[in-house]
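In this document, chain identifiers A, B, C and D correspond to the written order of the chains, with residue numbering beginning at 1 in each.
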Amino acid sequence: MSNADSIAKTETLAPENAIKVSATFERNETVRIEAFSDGVFAIAITLLVLGINVPRIRELGAGGSLGSTLLKQWPHYLAFVTSFITIFAKWVNHHRIFSFIQRTDHPFLYWNGLLLLLITFMPFPTALLAEYLLHPEAKAAGAVFAGTYAAIAFAFKGLWHHASKNGRLLAQNVDDREIRQITMQYRYGPLLYLAAFALSFVSVGLSVGLCLCLAVFFGFKGWPTLRLAKRRL
Amino acid sequence: MSNADSIAKTETLAPENAIKVSATFERNETVRIEAFSDGVFAIAITLLVLGINVPRIRELGAGGSLGSTLLKQWPHYLAFVTSFITIFAKWVNHHRIFSFIQRTDHPFLYWNGLLLLLITFMPFPTALLAEYLLHPEAKAAGAVFAGTYAAIAFAFKGLWHHASKNGRLLAQNVDDREIRQITMQYRYGPLLYLAAFALSFVSVGLSVGLCLCLAVFFGFKGWPTLRLAKRRL
Amino acid sequence: MSNADSIAKTETLAPENAIKVSATFERNETVRIEAFSDGVFAIAITLLVLGINVPRIRELGAGGSLGSTLLKQWPHYLAFVTSFITIFAKWVNHHRIFSFIQRTDHPFLYWNGLLLLLITFMPFPTALLAEYLLHPEAKAAGAVFAGTYAAIAFAFKGLWHHASKNGRLLAQNVDDREIRQITMQYRYGPLLYLAAFALSFVSVGLSVGLCLCLAVFFGFKGWPTLRLAKRRL
Amino acid sequence: MSNADSIAKTETLAPENAIKVSATFERNETVRIEAFSDGVFAIAITLLVLGINVPRIRELGAGGSLGSTLLKQWPHYLAFVTSFITIFAKWVNHHRIFSFIQRTDHPFLYWNGLLLLLITFMPFPTALLAEYLLHPEAKAAGAVFAGTYAAIAFAFKGLWHHASKNGRLLAQNVDDREIRQITMQYRYGPLLYLAAFALSFVSVGLSVGLCLCLAVFFGFKGWPTLRLAKRRL
């Protein structure tokens, strides 16, 4: 082969190499979006603690007991734990979805951005619920709390629907059963969170409890298992 | 080849290897700057939520409705969403620029540092706008808000101008059309943000609206597409 | 080999390749959990500073000395330093454990989640101790502080116990002496932290001092040394 | 070769492979410490903005001008910018040091931990300086500010001294001139920061100005340049 040919070849890659290169490029972009998202999840989950009130000495009053003051603010710990488990579970879910995805496009970027917006918003409803759970106005706080969870569920559904429709952004040799299983999960998940939202107008306690159960149920069963291995490489 | 020769060779690399090594080194440095920048973007975007006021029970007053209190502080949500979209869009833009860059130098490091300084500053004008949007002093808050956006646009222009002048820091086999397209974007972007800044003295609402539109417009169209693939490897 | 054969082969990998692929996949998952955990550790350790009170001008009073005000709040610095060293040491320990682990399963994910929940909680007891160390109610704050440390020690024990039982999640060619050494450390660590918790009801100062010593002792001796090298690749 | 031989070989690697493996392992550990440190730098730099006071509506008073209120708190912006540039410059320096390092040991881990402790502490003196720069008690705030900077400089000196003594942790084929240049920088740097600390008792303004100049001078000249390339691979 002449030298000129060799140069030409590196510039206008042979078709089979072009496919490899673009696949690597797309995989890189996906990895990058996932890494950025991971950072946002990790920060949002760590900011939750700022919503737990540190009772100041002057608030304690003379002769006040710190122990009983700390016990009285149990809604702060409940809200913290519920939101922690939820964000952690959403991170697991997010990772599961990305383990199937091999390409990105603009709508996918939008959907992921909407999801991250809602995740970074989480410390707000968490602090709100902590402040008002024992207050007559608890229902408004509960509605914001469960409403945010429902919105996150819908954003996940949108992300997955866009990515999986006709296998648009999925890796090629994907196990159809797993795809169907996730699709099923996102069919019922948002409805159950809507139920938790509706429930918040009846009983905030039940609503928060349902949110917690859903996070545990949908979250932890979502970690990618060995069956995915073949698909990824 | 003698043993001594072989040692000498590993120390003073053959010319073609030296080029490869230095290219790898430069690519590594670029990747590292980008990773650090990504971290800063992710944290700044997640800190925005701390600017949303959680109404305390004692602020609510007797018989106050939490629901209407939450609705009344809609400027907090608007400021949060606008800044979120902007930082997210800036991150997309930042990544797009870095997908063309293959070397770094000191001025580039300075420009990137200036950009990050402005990004980490964002939670301040955001909280300011949230506090004052409905107050007679809204215009000062709006000017700080739009002014920060304009400064970010100029920092991006400076970064890109330095990197792309005579292709200084760009990868070699870059598609000229895309370079020109980005250059065009940075020619008009800062001027449009300046317009938003000027507009803030007339109407804060219009100014914020324009900032939001510009972020969506310039941001999301900037995600690198498949055409870049050949260039990167 | 025919073309059809070759396609079939890439889809249903030869057994020895399937093992390699799944090992790579599992290693990737482990790396990802570790990276997410690292992010949480880094953020929690950096949030501690927010617990140090910045004395406001109006709190200083007329003629008040800033210097003496700053000195008087030494419990804030002590709590900051103690928690910093503890989280840093826990990060070192966490990394040491992960350097032995090559697979993940659901319970491991739960244990790691519990550990991270407690790590992100740390800024709360730290700020509490800083506020109350010189107050008559110090013991309640000390108990929360040492109690959180004890809970972290138990979570680590649980994580390690699950991972190392019958070598469940460990890499194959592991040095048994090191495994036994870590197991030994987690046998006595939680008990010593329990002692610190009990001590907090007698003397908060001694309790905090013991927590600090334990962090230094267990933490820094835990950085993986060269002996691990063979195991990892 | 018999099967048994082959197994034995993978377990007790041939000497030349053992060296390669341990070098890779040590490089991995170094990379990991650097990545964790990067996270801490990125978070600390982004938390600085929380020290900038957002003037509340009730603080503004009737007829108060937001514009002039914002201008009056210029020490907040100065402290923010100075600390941002310093942390950014320290990150550049930290990266430069790590580009020479190929091994870690326990004392190195301690030194790096001390450095990170001081970096995460930075938002405190920054907020303190912002609050008191225009107050009669400014000197105490300035001393804490410059004192923290001096402590960081000494921690860097300790880190570098430990790593570079007899080339202990450095890569093998290092350019001696660069090593000497860094050693020189750390000989004079801490003394200059001590001078800034002493100056804070005379004039806080001059002290902060000197800190700013030193950060720019030592920081940005420290980005690793192409000459390092050969050393790294």
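Following the convention adopted for this analysis, contacts are C-beta pairs under 8 Å (C-beta built on N, C-alpha and C of every residue); 3 or more make two chains touch, one makes a residue touch a chain.
Everything numeric here is computed off the predicted structure, so don't read it as measured data.
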Via touching chains, subunit B connects to subunit C in a minimum step count of 2
Chain-touch separation of subunit A and subunit C, in steps, is 1
Per mean C-alpha coordinates, the chain lying farthest from subunit B is C
Interface of copies subunit A and subunit B: same or different residues on the two sides (over or under half shared)? different
Separation of the C-alpha centres, subunit B versus subunit D, in whole Å, is 23
Whole-Å distance, C-alpha centre of subunit A to that of subunit D, is 33
Within subunit D, the set of residues that touch 2 or more other chains is 39, 43, 47, 50
So the touching chain pairs work out to A-B, A-C, B-D, C-D
Listed in rising order, the residues of subunit C that touch subunit A in the complex are 11, 13, 18, 21-22, 24-26, 28-29, 32, 35-36, 39-40, 43-44, 47, 50-51, 104, 106, 109-110, 113, 116-117, 120-124, 127-128, 131-132, 135, 137, 140-141, 144
Contacts from subunit C onto subunit D in the complex sit at residues 38-39, 41-43, 45-50, 52, 54-57, 60, 64-67, 70, 80-81, 84-85, 88, 91-92, 95, 173, 220-221, 223-224, 226, 228-230, 232-233
